[in-house]
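Two complexes follow with subunit A in common, the first pairing it with subunit B and the second with subunit C.
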Partner chain A sequence: MALYFIKRLLLSVLVVVIVIVALFLLTYAIPGDPARVALGPRANAELVAEFRQRMGLDQPLLVQLYNFFTSLLRGDLGRDAVSGEPVLNTVLSQLPDTLYLVLGSVIVALIPGVLLGILSARYRGGIIDRISSVLSVSVMSVPAFVIAIYLLLVFSIQLGWFPAIGAGTGFWDRLHRLVLPSLALGLAWIGYIARILRASILEEMNEGHVRTARAFGLSENKIMFDYVLRIAILPMITVLGIGIGQMLSSAVFAEVVFGRPGIGKLVFDAIISRNYPIVTGAVLVTTIFFVIVNLAADLLVAWLNPKVRHDLSR
Partner chain B sequence: MSVQNALEVRDLNISYKVPGGKLRALRDINLNVPRGEIVGLVGESGCGKTTLMQTILGLQSSAAVTESGQIMLGDTDLLTLRPKQMRNLLGDRISAVFQDPMKSLNPVLTIGRQMTDIQFRHNISQREKRDRAVEMLQKVRIPDPESRLDQYAFEFSGGMRQRIAIAMALMAEPDVLVADEPTTALDATLELTTIDLLRDLQQDIGCAIIFITHHLGVVAELCQSVNIMYAGEMVESGPTRAVFDAPQHPYTELLFNCDPAQIPERTRHLPTIGGELPSLINLPPGCVFEGRCPKAFGPCAEIHPRRVQSGGSDMVKCHLRDPEVPQ
Partner chain C sequence: MERNNKNTLTRRGFIGTGATLGAAAGLGALPFASSAIAESHVEGGILTARVYADISNLDPAFWTSEVDSLVIRCLFAHSMGYETGVDAFETKPVAMKSYEIIDETHIGFELNQGIMYSGDYGEMTAEDAKYSFERIADPELNSPYKEDWATLDHVEVTGKYTGVIVLTEPFAPLFTTTLPGVSGVILPQAAIEAAGGQFSVEPPVYSGPYRIKDWQPKTRLILERNPDWTLTDVAYDEIHLIPIEDPKTAELGFEAGDLDFAEISVSSIPRYMSNPPAGSTFERFDGLAYYWMGINELNDQLKDKNVRRAIQLAVDRKTVVDASSLGGAEPAAGIIAPALIGSREANLYDRDVEESKRLLEEAGVANSLNLTISIQQTAENLAAAQVIQANLAEVGIQVTINQYESGTYWSLGSKDEGDQYLDIQLFLMRFSMQPDPSWATMWFTPQQIGVWNWQGFDNAEFAELQEAAQIELDTEKRDEMYKRMQDLMEESGDFVFLNFVPVGSLVRDTVNPALRPDGVPVFYEFEPS
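Entry: the complex of A and B
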């Protein structure tokens, strides 16, 4: 079983390495001379040559890749092409806002999703089940930025309940301003989580151990929460791990639409100003975060299985 | 209701709603389970044993419709109880052991947790519930029960799991235990020890057992009386010895002939009963076994046989045994 953990960990590292190589090759493949881009059209040839040498751009591809890796290992993601600040500092300063947004979206998706899933399984074919089935399909098929724009139109502009733009200052203000963007990212996942959970609850309800529990007169609530949900929740955890990755990429839209600081906004602005070191750094940090979340989800699923715990403690 | 019966099924009719109409799964089922006795229920797959068991336990599927009949537990008709009242009896006055010991215990809760959970009716401390669980595990000969309570189902062998299931079922000393093929999934040696254990505990507690099985040898070994089911009907009932010595229904006779233990010489081919079960949606007007019966004659295809007493059997449903049918 320890082997599983090691394998899973190596796989995560491999994903990160592949992403790094891909990012490096992408930057390399961008048309134009990076030194010219960095120094601007009016720089003279001598300056460009000096810059190329200083940045190692005159080295062969593999050497450049090696240098890229070694500087990454030192935590050096390069310098912001505009401000000259270290990329890592810029990206890390924007990370918390995006993490709050993702956390808010997970809460928006998880609490109603789990409730709906339990209720639709418990009253299968009933009104809640049918509504959640229709809603989940319709909400899932609408892109997050469309939801974001409509939320903004209705709740900020028409009703004026929530501020339209910015992340705010102070806990309550920030929380207040987190509501709409979190809804925009999380809504689509409510139905999905509800359907996944419903399916796995219904599957588990057919198992022999549930029949045994019923034959001892245990109440349906007890069976649901103590006997079934412990097992039925596992596929949902895996899905949520992947969902967080999806939310990270939707965060670009939500942050732009709601004018919030964050990784998404950073990447968006960096693309517009062709600030490639920032794009690379932000994508890398996001990838690492996503890989960690998925690793955590997989390990959690394994850990919740007593057979796995038992094998590990040996 | 005769007082000596712990459980009595009277004229039970159950059907399932299916797209083509009504599937009449159980028809006019009668079953007497005397106090403190072990009653065998035998029949091939699809004969309605499972439906009968589920109905007795109130765990029938939502597609099942009770057309008529009574299931008397003491003075209570289980079929008139609301789900909550039924739940109150389950695991207390009536309990069950199921076929597959690999699946009948929860995989993510410890055995101890499951054994204390089912004592929810008793107003005693967790400590006392645990002690009772230990005591019960000792009774089913699980070694070192105190520490094994903290283990999960997968840490036990199949035979042990089934003994744990038996311990759980008998913990509340029920009036009736429904045992649905409890030994079918076990190998032959385990089957014997499990049956011995079940009998010992049954004598200790004095409960009645409905023992559902395919295995005729087990019935002969364990049960005082036997009931033979075919295609949703009870075709023969009587004391085990009498029915085994002189089966009255042709189906019972064929069933005994198919039992490998009854075949003296080596053979490559085990005997089977030819033909198929009749459709339970469009029932034939006559006897349900007519299509497969080697002894079928005049009235069998037209007239449904009535219940008669014949030979050593208390009840048999066959025109051959009916004195009023001209042979």
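Entry: the complex of A and C
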């Protein structure tokens, strides 16, 4: 298990390095001048050149890349090209709002998704299964930003139940403002989780140990929760690990539509303004977060699944 | 509620008003109408307003956006300011109590007493004015705004609160944009030096009606009342500025009750004008920002002036403007708005499809010209480009619309990005403006080719006029100069002037806004209604 952990950890570091190198290549390839954006239209050529030199933008790509990684080892992500503030501070100030949003979306997706998945499998072919099937496909096919706009129009503008913009201050205000964006991001995942869990449960129900349990006369509820769900839930953990990555990338829509701060909006704005240090810093932090979540998901599956655990211990 | 702003700000008019008041007061100087230091009254409350971006630099020598400028106005005492709630651009006193035109290159001034800096930096004095003005003009600092003090020789301090601005040449924008603008901010030398000579988003000192209470980048900026400010009344305890780039999001936020004040998108102006949200009013202003189609004469296919003229003649400007603003704007006759001197009344060329076809035939490109029009990815630009595409198709020119996100778009005409500035052909462009005509024309000189002059417009007379108009103090002569400059632009075949960008703002009924004639908010003057 320890060896497995070390292997996965090394692989994760490699993923982060590849992402950063690819990002550097991409930002180098796209046109646009951060110096002009940072200094405004009235900056003369001399000032622009001085800015590029200060930010290291006049250096060859490989030198910039080397400088970035050496700074990174010192825990320095550079400085915001526009405001001059440390990138790490800016990114860390935005990260919590995105994490709250992703967490809220996971809760929105998970609770009804698991419930629907269990009920659909338990009453296979019944009315709940059919409704769940239709709803799942319908919600999955609507983009998050469309859901976001309709939620806003109905629940903020028409009914006035929820605020339309911002992340709020204080626990209850933050929670209140989190509801609609979380719904916008999480709704599509309800159906996805429900369908995966349903399929996994049905597969597990045909396994020998379940038949044996039935033969012993155990109740269906006991079989479901003690024997089936423990194994059937495992594929969902992996899917959820990937899903969190998807939610992180979709967060930008919710953040723009709901006028919320967050990493997605930060990167979006930074790309527009060619604020490369912010783009690189924010992508690095989210990549690390995503890699950690996936690593945790893999380790959790390995730990929960007796078969995998057994394979690894040999 | 619609506001029409058709008056003009002229230096002569401005000085004339001051002189009359000065004479009436028998002071031999030019006092402003109201310079008494007022007691701040406490009404409390929070004003929540949308700004289109976050702050990026609050140093008066290095600010970059209109949002920076709005915030700087709240944090630091300016020499002068603009009147709000009026139809014409008029200036008023802030830090400067009075000024005196000694001659065309010597302007005496007196500061209000009792303007206190935060911390241990004491009271504002003429030494601070000298330092602040000369700092921006200093070539070594290399401020992007040093041209605001282009002809400053030095500032002579004559007393604790008095001094003389000494110019090498007369400078017309001094009273229209320099002193009332950000370059007129007065800061103490000790504070700036303690900050290392310049600063960005953490001011080392405050001298204005508000100070920063809390800044959460990209989230909100909270300004709180500055207890040391006694120059004017300040109504709100706090101003919360929320950066929301997308105007549609801001509109929804306002309708949901999250904002007290929000500038909206141009395309929403007709809708809100006829039907503002409950509990709010809508105000429309004629903005100063200008919108036009550029035609790049450096491009091989557009080198022939007849071809460019044919394009000018083919475009139906009224339809283009209607499409892009959904009826919210009218076609413009130039790049200088009607509120300013130098504004033209009519274009030199109107739509003439037959003449356009004839010119294309004469140029040998009838029905064989394929061009591109480059635009930033917005609904307004796309609508305008589609009409232009249809107009040009009528005369046999096929146009492909290329849409770009803003970062890429703004690099298209830049020499620094290689030869692509020669490849760009037609493009839609919008520039912001300050209330002096020199701000409109300064981007089209030969030196700006490959920087902001994407048309490649290269006219020696224009360049000479640009220089001359800056030092011309006679309003009528200046007016003629700027009109001539726009004539030259249009005659070159490089420009199709489209419209001045209207400004629409939603204001909660509980708020009495303070807006400049061009709709720009002066937040520290907002009051509960």
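Convention: the second predicted complex is superposed on the first by the 268 of 314 C-alpha atoms of A that agree within 3 Å, B and C clash if a C-alpha of one lies under 4 Å from a C-alpha of the other, contacts with A are read in each partner's own complex, and residues count from 1 in each chain.
Keep this in mind: a contact is a pair of C-beta atoms (placed from the backbone, for glycine too) under 8 Å apart; a residue touches a chain by one contact, two chains touch by 3 or more.
In this text, all values refer to a predicted model and were calculated from it rather than measured experimentally.
Engineer: Quick one: is A:Leu92 in contact with subunit B, with subunit C, with both, or with neither? Answer first, second, both or neither.
Structural biologist: neither
Engineer: Should A:Val16 be classified as contacting the first partner (subunit B), the second (subunit C), both, or neither?
Structural biologist: After superposing on A, A:Val16 lies clear of both subunit B and subunit C.
Engineer: I'd like to know which partner A:Leu103 touches here: subunit B for first, subunit C for second, both or neither.
Structural biologist: neither
Engineer: After the superposition on A, what does A:Arg214 contact: first (subunit B), second (subunit C), both or neither?
Structural biologist: Only subunit B; A:Arg214 stays clear of subunit C.
Engineer: With the two complexes superposed on chain A, say which partner A:Glu46 touches: subunit B (first), subunit C (second), both, or neither.
Structural biologist: second
Engineer: Please determine whether it is subunit B or subunit C that touches the greater number of subunit A residues.
Structural biologist: Comparing touch counts on subunit A for subunit B and subunit C gives C.
Engineer: Quick check for you: in the superposed arrangement, does A:Lys307 touch first (subunit B), second (subunit C), both or neither?
Structural biologist: First partner only, subunit B.
Engineer: Based on the A-chain superposition described above, do subunit B and subunit C contact any of the same residues on subunit A, and if so which?
Structural biologist: none
Engineer: Going by the contact rule set out above, which residues of subunit C touch subunit A in the complex?
Structural biologist: Going by the criterion above, the answer is residues 55-57, 62-65, 142, 144-145, 147, 200-201, 216-220, 242, 244-246, 249-250, 252-253, 255-259, 405-408, 410-412, 414, 416-417, 420, 443, 452.
Engineer: Please give the residue numbers of subunit B that touch subunit A in the complex, ascending.
Structural biologist: 57, 59, 87-92, 95-96, 98, 100, 103-109, 117-118, 120-121, 152, 154-155, 165, 168
Engineer: Which of the residues in subunit A come into contact with subunit C in the complex?
Structural biologist: 30-33, 36-44, 46-48, 50, 82-85, 90, 93-94, 97, 152-153, 156-157, 160, 162-167, 256-259, 261, 265-266, 269, 271-274
Engineer: Using the touch rule from the top, collect the residues of subunit A that touch subunit B in their complex.
Structural biologist: Residue list for subunit A touching subunit B: 207-209, 211-219, 222, 226-227, 230-231, 304-307, 310.
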